[in-house]
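Should a chain be cited, it is by its letter among A, B, C, D, E and F, assigned in written order, with residues numbered from 1 in that chain.
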Amino acid sequence: MTPLEKAGVLVEALPYIKKFYGKTVVIKYGGHAMINDQLKQAVVTDLVLMKFVGIHPVVVHGGGPEITGMLKRLGIESQFVGGLRVTDSPTMEVVEMVLGKLNKEITSLINRLGGRGVGLSGKDANLIIAAKKLGGEQQDIGFVGEVTEINPGLVETVLKEGYIPIISPVGVGRDGESYNINADYVAGAMAKALKADKLIILTDVEGILENRHDPSSLLSTIKVQDIPALVDRGVLQGGMLPKVDCCVEAIRGGVNSTHILDGRVPHSILLEVFTDQGIGTMVAP
Amino acid sequence: MTPLEKAGVLVEALPYIKKFYGKTVVIKYGGHAMINDQLKQAVVTDLVLMKFVGIHPVVVHGGGPEITGMLKRLGIESQFVGGLRVTDSPTMEVVEMVLGKLNKEITSLINRLGGRGVGLSGKDANLIIAAKKLGGEQQDIGFVGEVTEINPGLVETVLKEGYIPIISPVGVGRDGESYNINADYVAGAMAKALKADKLIILTDVEGILENRHDPSSLLSTIKVQDIPALVDRGVLQGGMLPKVDCCVEAIRGGVNSTHILDGRVPHSILLEVFTDQGIGTMVAP
Amino acid sequence: MTPLEKAGVLVEALPYIKKFYGKTVVIKYGGHAMINDQLKQAVVTDLVLMKFVGIHPVVVHGGGPEITGMLKRLGIESQFVGGLRVTDSPTMEVVEMVLGKLNKEITSLINRLGGRGVGLSGKDANLIIAAKKLGGEQQDIGFVGEVTEINPGLVETVLKEGYIPIISPVGVGRDGESYNINADYVAGAMAKALKADKLIILTDVEGILENRHDPSSLLSTIKVQDIPALVDRGVLQGGMLPKVDCCVEAIRGGVNSTHILDGRVPHSILLEVFTDQGIGTMVAP
Amino acid sequence: MTPLEKAGVLVEALPYIKKFYGKTVVIKYGGHAMINDQLKQAVVTDLVLMKFVGIHPVVVHGGGPEITGMLKRLGIESQFVGGLRVTDSPTMEVVEMVLGKLNKEITSLINRLGGRGVGLSGKDANLIIAAKKLGGEQQDIGFVGEVTEINPGLVETVLKEGYIPIISPVGVGRDGESYNINADYVAGAMAKALKADKLIILTDVEGILENRHDPSSLLSTIKVQDIPALVDRGVLQGGMLPKVDCCVEAIRGGVNSTHILDGRVPHSILLEVFTDQGIGTMVAP
Amino acid sequence: MTPLEKAGVLVEALPYIKKFYGKTVVIKYGGHAMINDQLKQAVVTDLVLMKFVGIHPVVVHGGGPEITGMLKRLGIESQFVGGLRVTDSPTMEVVEMVLGKLNKEITSLINRLGGRGVGLSGKDANLIIAAKKLGGEQQDIGFVGEVTEINPGLVETVLKEGYIPIISPVGVGRDGESYNINADYVAGAMAKALKADKLIILTDVEGILENRHDPSSLLSTIKVQDIPALVDRGVLQGGMLPKVDCCVEAIRGGVNSTHILDGRVPHSILLEVFTDQGIGTMVAP
Amino acid sequence: MTPLEKAGVLVEALPYIKKFYGKTVVIKYGGHAMINDQLKQAVVTDLVLMKFVGIHPVVVHGGGPEITGMLKRLGIESQFVGGLRVTDSPTMEVVEMVLGKLNKEITSLINRLGGRGVGLSGKDANLIIAAKKLGGEQQDIGFVGEVTEINPGLVETVLKEGYIPIISPVGVGRDGESYNINADYVAGAMAKALKADKLIILTDVEGILENRHDPSSLLSTIKVQDIPALVDRGVLQGGMLPKVDCCVEAIRGGVNSTHILDGRVPHSILLEVFTDQGIGTMVAP
């Protein structure tokens, strides 16, 4: 690469740096990008770079595979109802322990790359208030929760002081109980409560594909109003549905743009935020 | 109790409230007081009360028994060298998970009693920098660490904003590794780094007894200069030694007063801080 | 008293400390509690304690008996019209001198007990603007005034800087003249202007008694809407009427709760603010 | 006066306004200027004008004649020892009452002319700490005090918030007793404690005269080093001695310039501060 | 002048100092007062004096004669259309150079008299956004502009920090081009954007005269509603029309008072602002 | 360029962004980079980018060629003494006018690219105090000056508020006269006064070449201690000498690193600050 080409990349980033200066960006971090060491390094590098150019990243992470592993090691069997894990008390204890460990790992990695991470859960300063969520047919599935309120004060304090908050998707009920919440929903609610400018959800697919079997059929933008038709045509289905749902919720709550990105592409966050490069699918108002 | 007696208690508290106004008090929380539900409630009530009258409590907690329990459940055997658990990588993973869960439990309890707790570990914002500690005969005992540096910025920020920080005794090495550190030592180092006014260590005994078998032989104050003689006479020995050690370190680091209290007495913190009541042993300069 | 009982009193105070944290409480200080040395000490102790736990007390004091004494010493005869002293110019001069002296005495006592008192009159920074008040049958009774405006800036400044303001009930007219104002009314108007949370009026009776001759018939709460009936039934009469009047005014001005307390009970303010103890009568919305 | 002459006066004031901008000027206010209504008006106008152009005046006032009058009215006889009034407890009570009344009168006059005065005594927030002063031959002369410490915090607070503080020369002892202090000495100590730029003492003579009987022999400046010779030659004697003493003390404490002005000349403060006009005597380092 | 007369002038200024304390005054500076050295000195003295007594002057200056001189020296001929100079690119370059030099000259003079001037043009921080203005019959007259937007942030910043801003009437178009704007209009728009209290326009006549040939026929005040009649009667005409226009615009934009003063009278600004002296014509709502 | 390569450039910039965050960088802008439109655009883009990532650029510009052109147009002949232009009063007038115009042009270009430029000269708020500089043999060469003092307050204020200051190298003498100063020296003095982290001098050569005729012989770093030898060997000579001189001065004044860059390379500032690319010569302590 010539010096001039290098300079060109930096100059290309300028309008984006200007645009997002002082803005908050919420990132749902999960899947492959959380397991592969090289991708992990790339994601965290992107977060630290954002912070240094004046953007405020807020991370909400998942942890499904590690939770399953630990439950297995402890001999705790999981039952599933409509795709949701029935979370009894011993299971919930494991969920909290594993998420807590992952949370501090990400935090530590941020610190090693020169950022200043702070690992939080929804219990800290009552950050995430949750209520019990019932399964498909109104079944009791234990300590599975949904967000009823976000108290963003603590996150705002640490953001203002220059830290990068990393948040576990554990909420606390009015009764003091802990609840396990889907991280996509926490990210959406957090983006709304923080009046974030952007919500980025990392996944393990290219984005939304017109034809699921053809990566070249990526839809770079879908509009909220077109979603019902996409569902009807079967383009939107399965695990992508709740993610799109969160994007729509966030947009309705005032978030400017929402993105479903391919977390398997190194630096996909960086490319989305700072370049003209099309990566993944934007869900737009 | 007559109204006048009630008023008397409040009036008795006045000079202490004045004395500690705006001061930081570091509390090592562990042992019985962390297992018994009623004592837990009492300790947390004391913390919240302190915060409301303008004192800044900072909690460092332990977690030995729960760690042992979880290791057993996972079938991880522990080896001990000179009283210290050899902490290999799988053991350290469990240590972090269990401490993380306990940390958020205390946080949550504080929130329920009207405080605003924030659970942190030494990894958050590089709060506790650790180095590997060798066993008795320079043996490698794994990820057991000692504090080499405290970066108190994050704790100061949350204190200033009205939160109560709860800290797990996990440090991070220059190499990015996690280290398990004795909570007494973390509390001492934290008190020093925060320029705390007071260090309180909760234990499961009455304090330092002249005659170990006679609770009425409690020494209400010992001076730093008298410690060698107390060791010689066998009054100070066993698990009490590192606690006294931390007190001495804290005093040398500028902490005004240090206390070893009986955590089995409900509200022992409150009584120590706000009344003329003699509880436990003060280690004085 | 056992240590646990002591701790119990402090714990009982916790919700009240939380509730009133950062709030302003206006206290009308007069009568017996201002003459008896032991009661004086107790009242001032209560004020200092409140300040130290984060509450902002503001004191408005009276001074009737001392004024009468000084007028007698100076051979100035007082005429009364409908219970109000006709206040000519020489009388007014004495009123100001005596109130000024009492004001600085209270201030000084606060300072000796560790608070930081500042003695003010309504003339300082035009704190209390007054207008001439006529006697019962529109008679001219001299420099007797009523509050027309409060300029609370100075009081807010000294509160914010940690001082306890003590205020003499002397107002200044648009014409620059001094006016003597009933301290109850000044306390009520001050509570309203400062958006106080609580107004406490110290008196020399138990509170409002259903049967004036039976102290056990104390009404612990009366509602604003029930006052006309209480007047009709003769329960409310005489000197209690203007006090109740001030409470009603304050409530209508946004003050949360108002209390008529027995100033002869030591630490009645403390008991009212920090305990579940029923003392005196609350006038509630 | 032509418009141009008017403009000339304002332009002449410019360098003085610049020079004293943000500086503190302590004024001892007493004597004739405090009795004559027109002079009173002129002095207060000067204070308000100073405040509006960014200078911070602080007033310390006396009150001798009014105190004597009130003592007489109350039939309290005064005994004098070496020129100092023996101040027993009833006398001290009168001193405080009279000074308090005068204090609030000046305050009120400032407010009427558009300033924002705050009347304080040395008891407010322990502003003036005093110790008992003995008479000429170590005689006990009662509650006559001398300044041992100034706690200027309260005065600094009100100055910063735009108020003009008016201070009575009453101090408080370590024992809580009130002491009557010579106002010149209070002004000098206050100037020193506030790091004032200028100290102005208003008197009832032209200044220091070479020949006491010849007003045209005014010394416009005397140097500290020349004072002993002036005393030897009898130029400096009587009541002028303590005033010069205060000036010297203030200069040694860091005050830039000190002035003994003729309070009988209307607006003498204004002329001294804002014009080239020579008024009174400057005591210079 | 006697000392008392001097004091009288200062005292007369007091209510004006009070009235304008902290207020912004925009001054259009041009004509004779900008050429004559003595008048220049007087104007700048007035500005510095205002700043020192807490008023915030903002200067907008012209520069017609010097521009004409430089164009002549460079052999650039000027064409006029309806009284407006056709401003082609080489002419505009000269306009900017000359205004820039004059701007820094005024700034420098302010600094020499003890103020802290900062010279700005409408290009600094996009202070003045302009649009092309067409000549009388919609003719293209080059880079002559009119104000479309004021971005007052930079001026507010320097005012707050104690500087006196001096502004050249050069605006910048959305296209990045420079535009020459009539200084009267810039002053009016600036007064409006800064929410100024007063707008002063210096001219080379006595003000608005009922009879142009009789200086004694000065109208000291005209009301906005009377302007059409004054135009009809021929009292208002020629170069006075745009000045009155600016005053009306400013008044409609919330400016309290606007004045057309005789810049040939030394210290006319001072006399207008600080004395009862009638100078020039006030255009009032 | 692949997306990954793009991301790589941004990631390469991260450590530099961290390193210079909140630091001040002074840039001497002159020569070819100030004449060529494309280079001008590139330089200004670099400045705006720096500002957006939290670095504070301060620009000092020259203007030799344009000054010469305007002098010629006005028929003012220039005499040179030892390479320095004899600057009489008419010449100085032209210098100021031309620099002023260039200054606002750069400012305006910054604003168009999204920055917030403020154009200043050394006369604003007495930013640059200058003294007359004599020619080679102590000859009077008119208004040529050297920096004697920098008053950086105004520059610090505008930096803090987010503006980019652009400074003309015109100083003001104690006598109020304007002086033309070599821009390299102004940049060096400014870097020192602002405690800048870096000084960058743009030139029209590759940097310091070992062999003047061989661009590949560029010295990427020279040490202060090696300069005398480089002068002896003839490597350092001519116009490069004063530039190296300024660098040495700045280093001695506490500036961390100084650079002589080739202003003909587009984005040379960007490459120097944000990449590992070697551009020009660093003068190092």
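In this section, a residue touches a chain if its C-beta (ideal position, glycine included) is under 8 Å from a C-beta of that chain, and two chains touch if they have at least 3 such contacts.
Just so it is clear, the structure is predicted and the values come from calculations on it, not from any experiment.
Listing every chain that touches chain B and chain D alike gives C.
Both copies, chain B and chain C, contribute mostly matching positions to the interface they share, with over half of the numbers common to the two. The angle of the rotation superposing chain B on chain F, based on CA atoms and rounded to the nearest 5, is 120 degrees. Mean C-alpha position of chain C lies 35 Å from that of chain D. Here the spacing of chain C and chain F, counted between their Cα centres, is 70 Å. The centroid of the Cα atoms in chain A and the matching centroid in chain F are 46 Å apart.
If the chains shown are joined wherever they touch, the resulting network closes on itself as one ring, and no chain has more or fewer than two partners.
Chain A makes touch with chain B in their complex at residues 73-74, 93, 96-98, 100-101, 103-104, 107-109, 111-112, 116-121, 123-126, 154, 157-158, 161, 163, 170, 172, 176, 178. Only residues 1, 3-7, 9-15, 17-18, 21, 42, 45, 48-49, 52-54, 114, 265-267, 270-271, 274-275, 277, 279 of chain F touch chain A when the two sit together in their complex.
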